[in-house]
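These are the structures, in structure tokens.
Both complexes shown next keep subunit A, but they swap its partner, so subunit B is in the first and subunit C is in the second.
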Partner chain A sequence: MITTTHYMVVSAILFALGTFGVLTRRNAIVIFMCIELMLNAVNLTFIALSRQLGNMDGQVFVFFVMTVAAAEAAVGLALMITFFRNKDTIEVDDISLLKW
Partner chain B sequence: MEVIFFYLVALIAVLSGLLVVTCKSPVNSALALVNTFFCLAVFYVMLHAPFMAAIQIMVYAGAIMVLILFVIMLLNLGVEPLKKYTHTVWGIIAGSLVFILTFLFITRGQTSKVAGAITNEVVMREGHTELIGKAIFVDFLLPFELASILLLVAIVGAVILAKREV
Partner chain C sequence: MQEYNYLWLIPFFPLVGFIINGLLGKKVLKNEKLIGTIGTAAIGLSFVVSCNYFFQLLGDAEKVHEQIIGSWMAVGTLQIDWGFLLDPLSALMIMVVTGVGSLIHLYSIGYMHGEDGFYRYFAYLNLFCFSMLMLVLGNNALVLFIGWEGVGLCSYLLIGYYFEKKSAGDAAKKAFVVNRIGDFGFLVGLMLLFWTLGSEHGVWTVRFTEIAKFGHLLGPGSLVVTIVTLCFFVGATGKSAQIPLYTWLPDAMEGPTPVSALIHAATMVTAGVYMIGRMNGLFAMAPDTMMVIAIVGAATAIFAASIGMAQNDIKRVLAYSTVSQLGYMFLAMGVGAFTAGIFHLMTHAFFKACLFLGSGSVIHGMHHAYHHAHLHDDPQDMRNMGGLWKKMPITWVTFLVSTLAISGVPGLSGFFSKDEILWWAFSSTRGGWILWLVGAIAAGMTAFYMFRLVFMTFHGEQRTDARAKDHIPESGLTITIPLMVLGVLALFGGLVGVPKLLGELVGDVPNKIEHFLAPVFEHTQELYGIHAQHELHHLEWPLMGISVGIAFVGIFLAWIMYVKNPELPGKFVGAFRWLHKAVFNKWFVDELYDALFVNPTKKLGTFLWKGFDVKVVDGVVNGVGYLVRGFSQVLRITQSGQIHGYAMTMVVGMVVLVAVYVFR
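Let's turn to the complex of A and B:
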């Protein structure tokens, strides 16, 4: 019998993997993909709990999370393209113009 | 039977997530992420939310991942140089800490015993799309309009950021 806890544990594992990726990888696009992984883990939690509580609010929130993720993808990738055009690299170790 | 299917799809999702985090080439990470999105869409169907599964594949796997792959190909990055990770030990500590804390409050916490009105039978009878449509256009109309303005702002911002001469 698959309960809500099973889905939430899978979501926790994906979220922890995404956290590890965001903190350790150096390529900015891979960091962005790990952020999307974290967002999807949270989406799974929302839908599982929405099913358990018999409510539509969780699924509407997932809808808006997907919208915001799409907008963030567009703007973030445009930012990376501009940065690559100026610095010819996309490693986050080299993005250090604001360090004192 | 459903249990075996769930564990299989969960295993594939977690392995794909692991591949996203550990692949050398960004294209391999992107393909593993598409695989994760498909596994999550299967989970949404198992949770009686077929509209969200279709939207997940259309928006995430169909639009966002295509955009990411376009940018990877456009920048012509190639394979990553030698050092793929920075501060690996701190990353592992932070990731395992996040997982342990989340696991503790998943297994120890209790959700409220309120059983809402929208059960699986209601979803199957009335159609999931209609239920989400009712929720978005009646209860959540203002966030819906704000989301459309957000998308407009994102489009304008992305075009201005990526132009050659402003």
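Let's turn to the complex of A and C:
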């Protein structure tokens, strides 16, 4: 039987993978993808618990999260395009001008 | 009831003179005659008002008058006002200060001609007169103290008048610092008096009339009153140049000669004597202090006289003479002869001012001669003078009259006052024969060194350089008129104080000054049994004879050594080399003070500067800076610019927060 717990575990794994990716990957676009992964993992948790508790609040919140994710992706990609135009790279290791 | 409503004008006129000359003198007025006139008129007007009130007081049955022009501090039951007190003592003082002051202002117009800072001189001189008048007219100790401090300040400003000369600046600083030590003593005494009278007897006051009335509450002969009066006396030693705080006065001769005449002969240095006279009730309650005062006075008289005998600078001799004569005044106050002390203050003001102004006239003439001959010899050194009586007759006559006065030659002013002091020193219930003996010897020394000065300067052969000696002029009228006035006062000024012994001889001439000052001192003298002992009355004539005899011996010795056989001094110095060396070098007192006080203080100052201020204070301040920098070096590491670093920090922080929430 697939219980809510299974969903939660999957969600946790996805979140962890996303976090790992954010911390490790060099390519900015890949980092954005990992952030999306983290957001979707959270979405999954919201829906699973919404089903379990019989409350629609979780599913409504998922809509908000998706909207935010979309907006954020748009802004982030615009940022990256500008950066690429100036620095010819989007490796985050090279984006370190704001140091002491 | 007579009105004394314009007492405040007396200090007010010189204050206005100071403000006008001080603010406008340099840029606006510029004319020497105008500045000089404003300055002299200011003090002259004060003299007119003083004369008016003096004569009014003479005819007034009520002798103590106070005028209060405003409240200064009112705290609970304590009321301190801007008030003036006119009684016989202050009336006499204002006459002396404004009278001699006016003459000296007039003299200065001629003497300071051509000086840069002519306006500055007159401004400071007026400020000095204002301070001195506040001192003698103040009705409470705080107004007196304002004047006390003010005269010290003006003394500094005027000694350092030629501030471009290092020696003048040093002398001014020395005067101010030594004076300050005395002022500290005065303040401690005043505060102790105020506190004790207030906390133990409920009388919170600094007014002189109330101190006189309630002072006895402190208990005659008690420790408190002895300490209070001793502290006041320390203040007096500083202001009036007694042992141990006299060292500033000889150096003060760096200032212009009229300054030496006014401040360091006639007025400021008499402030200590005046203060004791003003608070005579307190001092009479402390016989121990009075003994100290008498001993210090007598010791200073003979000590300073000894130094004066070996000096070559004309002004230095007069400076030590002033210290010595002040010693006589304190001797008088110490044995309870308050009237005699104030009388001597007055006669001394006349003849000493005349002597200083006369020496100024001589120096002026010598300077003129050297300038004419393009020489750089010292115009103040007596070894360059001699035979000047022909060249400067008016100066010579007035100088001679004043020298006769200071030597105590019978008939002149100095004789009456000094003799009165010596008699009281011997016969007072608080006196003693040793004090008389020291005073008499010092009188002999005084006659000797003063006539040495006269003979070296005005008589004998002219030792001045041949190129200069025919060009020494007599000084102009603005200089000689004050000399003549003061000469007359030195000649006849003593006649107001003819003692009973002599007065009876010539047909009942009263001792006018004793009668005049009686309301101030009589009560104290009766209360504490201070009087000339009657059993010793038969000795009065012999003692007078002895002191006159000693004076003539001194004059005769000086004549032998400096007119008849001028090679004698050289032989004397050769025979007593060590004694001469000690006396010529002022008994090495300055060197002693340097070793004991000045150099250790300088070393302390240097240590506090290099050892403490640089190392500790700067160290702490800089150290704080280093500490902050160290912290920031560490904190900087977090700002690496690496995005992964920031992301990791966020994740770790989030984990910590969640863990705290979960495991609480």
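In this text, the second predicted complex is superposed on the first by the 100 of 100 C-alpha atoms of A that agree within 3 Å, B and C clash if a C-alpha of one lies under 4 Å from a C-alpha of the other, contacts with A are read in each partner's own complex, and residues count from 1 in each chain.
Going forward, a residue touches a chain if its C-beta (ideal position, glycine included) is under 8 Å from a C-beta of that chain, and two chains touch if they have at least 3 such contacts.
Keep in mind the model is a prediction, meaning the values are calculated, not measured.
**Q** A:13 contacts which: subunit B (first), subunit C (second), both, neither?
**A** The answer is first: A:13 touches subunit B but not subunit C.
**Q** Pick one for A:68: touches subunit B only (first), subunit C only (second), both, or neither.
**A** The first partner, subunit B, only.
**Q** Let me test your reading of the model: by the given contact rule, A:23 touches which partner, first (subunit B), second (subunit C), both or neither?
**A** After superposition on chain A, A:23 lies in contact with both partners, subunit B and subunit C.
**Q** With both complexes overlaid on chain A, does A:93 touch subunit B (first), subunit C (second), both or neither?
**A** In the superposition, A:93 contacts both subunit B and subunit C.
**Q** Looking at subunit A, does subunit B or subunit C touch a larger number of its residues?
**A** On the superposition, B touches more of the residues of subunit A.
**Q** Across the two complexes, what residues of subunit A are contacted by subunit B and by subunit C?
**A** 19, 23-24, 93
**Q** Which residues of subunit A touch subunit C once you look at their complex with the stated criterion?
**A** The touching residues are 19, 22-24, 92-93, 95-100.
**Q** Under the touch definition given earlier, write down the residues of subunit A that touch subunit B in their complex.
**A** 1-2, 4-10, 12-21, 23-27, 29-30, 32-34, 36-37, 40, 43-44, 47-57, 59-60, 62-64, 66-75, 77-82, 84, 90, 93
**Q** Quick one: which bits of subunit B touch subunit A in the complex? Just the residue numbers, please.
**A** 2-3, 6, 10, 13-14, 17-18, 20-21, 26, 29-30, 33, 36-37, 40, 43-44, 46-49, 52, 55-56, 59-60, 63-64, 67-68, 71-72, 74-75, 77, 80, 83-88, 90-92, 94-96, 98-99, 102-103, 106-107, 111-112, 114-120, 131-132, 134-136, 139-140, 143, 147, 150-151, 153-155, 157-159, 161-162
**Q** For subunit C, which residues count as touching subunit A in their complex?
**A** By the definition above, subunit C touches subunit A via 636, 639-644, 647-648, 651.
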